[in-house]
C-alpha cells in the first residue's frame, strides 16, 4: 500500500517538470506580448519606446534563461511579478484561490448531495417513471451551457425577486450568510453538469453491483434490501463519484472563468482569462501551473482513495 | 472521467440482469428493442435530415440581413430574427450542418489518436504504458482555455482549427477509456492463446482487442459528440469558433446572451437545438450500450474538458 | 431622455472657447487673457453643472457604480488602458481639465503664461491639499512631471508616445513652475487637460505607498481600498479644492465585466449606474426608476488597410479604396448594429472640439453611399469582377463582428469577397501592431490633442513603416501633420488639420466608419451625471443624490 502511494507520488515529479516546460513554451507561443496588448491603439509609440518598455518588464533574455529564472523562483515560492500591475503573482493567486475553491466545493457539494440519491433511486427503481424522468433531466443538465444558465438565473432573480447576489466579496469566515448568498447562484450554475454526470454514474454502477452474485447471495441470506443498497452497492458507486470529483476540481479551477466573470467573483478563472487577454506571462504561467498541479494532486488523491476503497488495486 | 476506471478502477462491468421492463415489443425487435435508443436514433436521423435538406425546405438565406432586428417569432420568421435582422430559423438550419460537422470531425480526431494511444499503452503495459499515460496526464492537466487560444493564435481562427482544438482537448479521455478497456480484454484467455501462437502484436490488437472495445468507444463517441458541439460555443467566445457571419448553434447562443433580457426567443432556439441533439446522441449512446454490450456499466458518463 | 441630458453637449456643436483659449494662450503673455477666457468658460460650466438646480445640491449618500473592466492598476503614471484611468480619475487632478464640453479650463493651476513658444509658466492655486494633508507645491509638480517622462512600474514607458516634447521642468518658487519644451508643442495643453497621463502627486509618493494599489492625490475622492477584479472604494475628500464639491460621501466601484450582470444589478438596485449597450439601455427607457443618459464618445470604428512592398494588392489602387468607401452604407451599419445610435465619422471624430470636419460634409461628400460610383471606380481600376480579402477584427466586444458582417454583405455588392477573421483581443492587438493583416476593422479612442489622430499618417511615425511603408500620399499631407504639431496659434493650426483630413478622405488608407453613442443608465436618485466624450466617468465628480 505505501509502496503504491510512494510510486504514484514519484510518478508525478517528472510529469510536473514536463508540464512546467510545456506551459512555459506554450505561453510564449501565444501570439503577441503584453506590450502589443497594452499599446494597442497607441500608434504614436516609437520602436525605441517599445524596446525600453520591454526591458522594463524583463521580457529579455533567452528562453532557457527565462525558464530557469521562473522555475527556480517558483520552487522558492516566488512566482514573479505581474506584467500588468507589478503585483507579486503569488499574492494575486492567493487572493483568488479561496474564492474559486469555495465555488468548486459548493458546486460539487450540490452535485453529490443531489446526484447520489437520485442516481440510487434511479437504479433501484430501474425503468420506472422516476428513472426516466431523472435520466432525461440529467441529459438536459448536460446540454445547457453553464454560462447560459448562469445568465438566466441572474436575470430571473433580478426580475422576479428584485434581488442579485451581494456584489462585494466577503470571506465565509467574516459573514457566512452573505458569503453563501453570494455563492449560491454561481454554485448552482456550475453544479448542473457534474450533477448530471454523477447521477448517471451512480445509477450505472449501482445497477451493475446490484446484479452481482454476492448481492444476490446476501439477499438470499435474508439481508434487508436497504442494507444491501447502503452497504454494498453505495460503497461501490462512490468510486466513480470520487473520480469525477477529482477531475472536476481540476477542470473547474480554470473552467469556472465565465461563471466567475458573470457573477463578478475575483477567482482564479477570472484572473486567468484577464491574464490571457492581456498576455501577462508570469500570471498565465503561474495560474496554468496551479491548475495543472491541482489537477495532478487531485487525481493522485483519487488514485490513493481507490486503493483505500478497493484494496485489490494497490496490489496490482 | 471514466478513464480512471480499470484496471486500477473498479471492475468495469458485470452482467446487468435484464430487468423487469422491456417485455412488450421485445419479441419483435429482439436485442434491438430499446425505447430510449430508438428515440435517440430518430432524433439524430431528424437532425441529419435537417442539416442535409433543411435549406431546400426553408429557403431563406441565413446570412441575408433583410428583416427588422430582433423580431419576435411570427409567420414570416417562425423563430424571430437576430441582432442583424437575419432569420433565426434559417440560421438554425444552417447551424445544424456546422454543429454536426464540428461534433463529428473533432470526435473523429480524438477517436483516432486517443484510441491508438490507449491501445498501445494498454497492450504493451510496463514502461510504454507509464510514459504514454503520463503524456495523457499532461494533456489532461493543461487548461483547455490556454490551449484553445494558442491553437487559434498559431493556426488562425477558423472552424477547422476549432475542430482540431476540440479534438486535441478530448484525446486524453479516449486514450484513458481505451486503455482501461484494453487492459480488461487482455485478461481474456483468447488473447493468451493468440500470443502463445506467436501472432504479432499489431495483428492481435487489430483482430482481437479492437473488436472487443468497440462498445465503450461507441458510447464515448456519442457522449462526446454533444460535448464537442457545446465546446464550440465556448470557443467562439474566444474567437476560435465559426467565423462571422456563418451561423453555428454555439456562436448563436453566445451572441444571443446579450439579448436574453428582452429577446429571449433568440436564445431559446439555438439552446433548444443543442439540447435536442445532445439528448438524441445520449439516448442513442445509452441504447447502443445496452444493445452492443449489456455488460458494460459505468463507462458512459464522462466529464468533458471545458474551456 | 432625462433632463440630465441637458448637461451633455450636442456632439459636433462644441463651441470654440477651447479654440479661443489656445489661440490666446499661444500669444506671448497670454496668462491674463487666458484667465479672462476661462472666466467665461467656468461660468458656463458652473451653470450647467451646479446652478441648474436652484438650491445647492444636497450632500451625502453613497454612489455604487459598476465598472465594465478591472483597472488592473491605478498608478498615476504610465497607465495605458482606459480602465486604468477609470480606477484613478476620482483621486487625481492635473494642472488643467476639460469641462463637459471639452473646453480646457484650469484645475490645479490658477493660470498659465506662454513666455515664448518653448517656455510655459504655470501658477498653482494656493491651499490645494493632497489626501495626506500636505499642500500642493511646485516641487510636487516637478516630481510628477519627472515621473511622467519615465513612468516606473506598474506604469509603462510605452505611454511616452503621448508625452509632449517637455525637456525639463523647473521650480520657480513654491507656487510657480516653468515647463521648458524641446520644441514648440501644441499637444501640451490637451495632455494636461486630459489628466490621464498627467496627474499631480506629492513628492516622494512612490516611496510612501504602493502606487499600483494605493495613491495620494488632490481629487474629490480619496481611495480607501482597491481589490483587483472586485471593487474600489472611495470616500469624500473634505478639503477638495473646488468646494462645495464633491457632494457624495462615498463612491464604490464594483467590477462587473458581464453586461447581463450589470443589468441585473441595476434592476435589483445593487448599483446606481452602469454603462450598457444601446439595446439594453433602451429597455430602461420610460422606466420611472431610471434615467438613460447618452452621448457620443471619441471611439470611432474604422477599416484600415495595409500597403506593403511585395504583392500588389487591389487596394493599393486609390480608386479601389474609394470604391470600398462608397460601397459602405454607414447609415445601414448604424441602424443594424447600433440601432440608430451612431454618426458618420472622419479621421477625427465628431464632437472633438473644433477639429473634425462638419458631419454634413462627411455625409454628403466624402462618405456618401454611392453604389454606382463604387462600381464605376472598381471598373476603372480593373477590378470589375472584384477580389478576395481577409478582414480581421475583435472577437469581443461583439459589435465588431456585427459591423464586419454588415460590411461583408455590403462589399459583396461590388464583387469584393470579404473573409472575416474574428480574433481574440490579444491576438488581434499583436497582429495589428505588427502589420500582420490585410484589412483590420478596428477602433480609435480618445486623444489628448488632435495630433494624436493624425500622427500615424506621418512617415516619421514607426507605425507608418509597419502598416503602409509603400503608401505615398501627397507630400502636403506629411507637411501639414508635421507642422501642425508645432503650430501653437489655433487660427493657423485649425485649417491645417482640416485640410489634412480632406486629403486623408481622398486617400482613404484608413476608412473611417462611424462613432457610436455610449449609454449609461442611472437610478432616478442620481443627479448631475453625464456621459463624458472622453470615455471616462468624469461626471461622477459632480453627482449628487436626491
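Every chain is named by a letter (A, B and C) in the order it is written, and numbering of its residues begins at 1.
Here is the rule we go by: contacts are C-beta pairs under 8 Å (C-beta built on N, C-alpha and C of every residue); 3 or more make two chains touch, one makes a residue touch a chain.
This structure is a prediction, so every number in the text was calculated from the model and none was measured.
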| item | value |
| --- | --- |
| Chain pair with more C-beta contacts, A-B versus B-C | A-B |
| Central chain of the complex, centres being mean CA coordinates | A |
| For chain A paired with chain C, centre-to-centre distance based on mean C-alpha positions, whole Å | 40 |
| Distance from the mean Cα position of chain C to that of chain B, given in whole angstrom | 47 |
| Gap in Å, rounded to a whole number, between the CA centres of chain B and chain A | 21 |
| Shared-contact residues (touching 2 or more other chains) in chain B | 149, 153, 237, 257, 260-261 |
| For chain A, residues contacting two or more additional chains | 30-32, 151, 155, 276 |
| Contacts with 2+ other chains: residues of chain C | 260, 263, 424-427 |
| Residue ranges of chain B touching chain C (in the complex, touch as defined) | 63-65, 69-70, 83-85, 149, 152-153, 156-158, 236-240, 243-245, 255, 257-262 |
| Chain A-touching residues of chain C, taken from the complex the two chains share | 64, 70, 72-73, 80-81, 153-154, 156-162, 212-213, 227-231, 252, 254-258, 260-261, 263-265, 267-271, 424-427, 429-434, 442-445, 452, 455-456, 461-463 |
| Touching residues on chain B, where the partner in the complex is chain A | 1-2, 4-5, 7-10, 13-17, 19-22, 36, 130, 134, 137-138, 140-147, 149-150, 153-154, 226, 230, 233-234, 237, 253, 257, 260-261, 267, 271, 274-275, 277-279, 282-283, 286, 297-303, 305-307 |
| Chain A residues within the chain C interface of the complex | 30-33, 35-47, 49-50, 52-53, 56-57, 81-82, 84-87, 92, 95-96, 151, 154-155, 157-159, 162-164, 166-169, 261-264, 266, 270-271, 274, 276-279 |
| Residue numbers on chain C that touch chain B, as the complex places them | 259-260, 263, 277, 279-280, 283, 336-337, 339, 394-396, 398, 401-402, 404-406, 408-409, 419-428 |
